[in-house]
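Lettered A, B, C and D in written order, each chain numbered from 1.
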């Protein structure tokens, strides 16, 4: 695969995501990652509904979030998601920056594996449908 | 139906429900209502899974929340849910009080109607299964 | 006040807002209302931070949400917020429609009252600052 | 410190935490971790309010969650939090198991560092107040 698979979105921090320390509560970043991930998966036409239609669930099995700087109410953040592994599992890296200054706020990754919905078995290699969607097969 | 259908639970306000004004963000009360509602529906063995198994979805069509006093981090609240209508729709009233003082914090209601999952049609009267679960039929 | 105070935003339903009935969980609409409300309050420069700077908190004391049709994952919804009362309290009406078809999905309102942060007393009339921001004084 | 610092709580999975794949949405585990963490910090009287009163914020700078098995609506889970580092940062490990079977569902950790609220500087060693609360100083 020579093409780079990434996608970038902008988000404005809503009031209901900010905690009493006046910063975004750390758990909400899983949502920001997901919004960028789904937008990225839409570009290859393999978002959650298509995953399910293909007979595979793709649960997240590992999530990591590293916080360098906090974000606050009404701040515009840029969330970049990039597919970095796909052969045996789907690993996506994330980078969140402040839209205005470009300052790095948060980074992390998620790892998903295919589960055959008929047998409920985890797949040790990614099914062909992912590689087709990625344009490799 | 002569028996009164109500149920009461206690909850401790978690950190992630508190906003930058240092009170519970108003939208989270829908969760507190739901936790009490599901505990109540468990007592008649007609919670979401049994609803679905009976062929009916019961979407909320009306929700009202009135806030008298705020709640804050680590406060213990008591949530009381009571079924007050069931013939044509399922109306549940809620009352949230401070566990220690008994002070009234929030009240509200939810209204749900049966939707036949086979036809996707809304039912104008509650299906027999609800009345059976309530011990009326 | 002859000018109409309303504001409209578009939102895409994220995966994490959808429940096991495959529709948006009803409590999440409080977030959609809030995002439109804050965007509206930004237009008069009297959003939460300016409220606090002016010495008043504006807690929501009443919230109502009426659901006509469900929304689902990746659906684009349009949320319209309109200020309809301001003299003694701030009442905002909301209307959510499907962006593509224009079908009405949800409507509701929120009512907020001013609380003097110095005395913690609720104000029985809206403070002058709100009327100034609205261009009435 | 010879004593082991851990705390265990039970939680019932609420309806609003379950996604359209009929399992708990992966991002909600940050809440379960936090509820156990706050209960643990309460035992040493150094939860968020006491942290702030002591002049330090303790933002989470690293969060990792590894998912072995999913959890579903109404499942009772046991969340164990244990302080495993405290000298330079506060690292807490988490283990979530099914209450009934004891099966391991999820594990992870959070890392927090002290930030002096007066100077907004990150502390390279934990302030004395943490060690006092832990009974080491």
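Assume a contact is a pair of C-beta atoms (placed from the backbone, for glycine too) under 8 Å apart; a residue touches a chain by one contact, two chains touch by 3 or more.
Treat the numbers as computed from the prediction; the structure is a model and nothing was measured.
Engineer: Tell me which chain's centre, taken as the mean of its C-alpha atoms, is farthest from chain C.
Structural biologist: D
Engineer: Report which of A-C and A-B is connected by more C-beta pairs in contact.
Structural biologist: Greater number of contacting C-beta pairs: A-C.
Engineer: Between chain B and chain C, what's the gap in Å when you average each chain's C-alpha atoms?
Structural biologist: About 23 Å separates the centre of chain B from that of chain C.
Engineer: Report, in whole Å, the distance between the mean C-alpha point of chain A and the mean C-alpha point of chain C.
Structural biologist: 29
Engineer: Using CA atom averages as chain centres, what separation in Å is found between chain A and chain B?
Structural biologist: 33
Engineer: Which residues belonging to chain B are in contact with no fewer than two other chains?
Structural biologist: 15-16, 20, 27, 30-31, 34, 48, 73 - these are the residues of chain B that touch more than one other chain.
Engineer: Write out the stretch or stretches of chain D touching chain C in their complex.
Structural biologist: Counting only chain D, the residues touching chain C are 15-16, 18-20, 22, 25, 27, 73.
Engineer: Where on chain D does chain A make contact in their complex?
Structural biologist: 20-21, 23, 26-28, 30-31, 34, 48, 52, 57, 59-68, 70
Engineer: Okay, in this complex, where on chain B does chain D touch?
Structural biologist: 14-16, 30-31, 34-35, 38, 42, 47-49, 73-74
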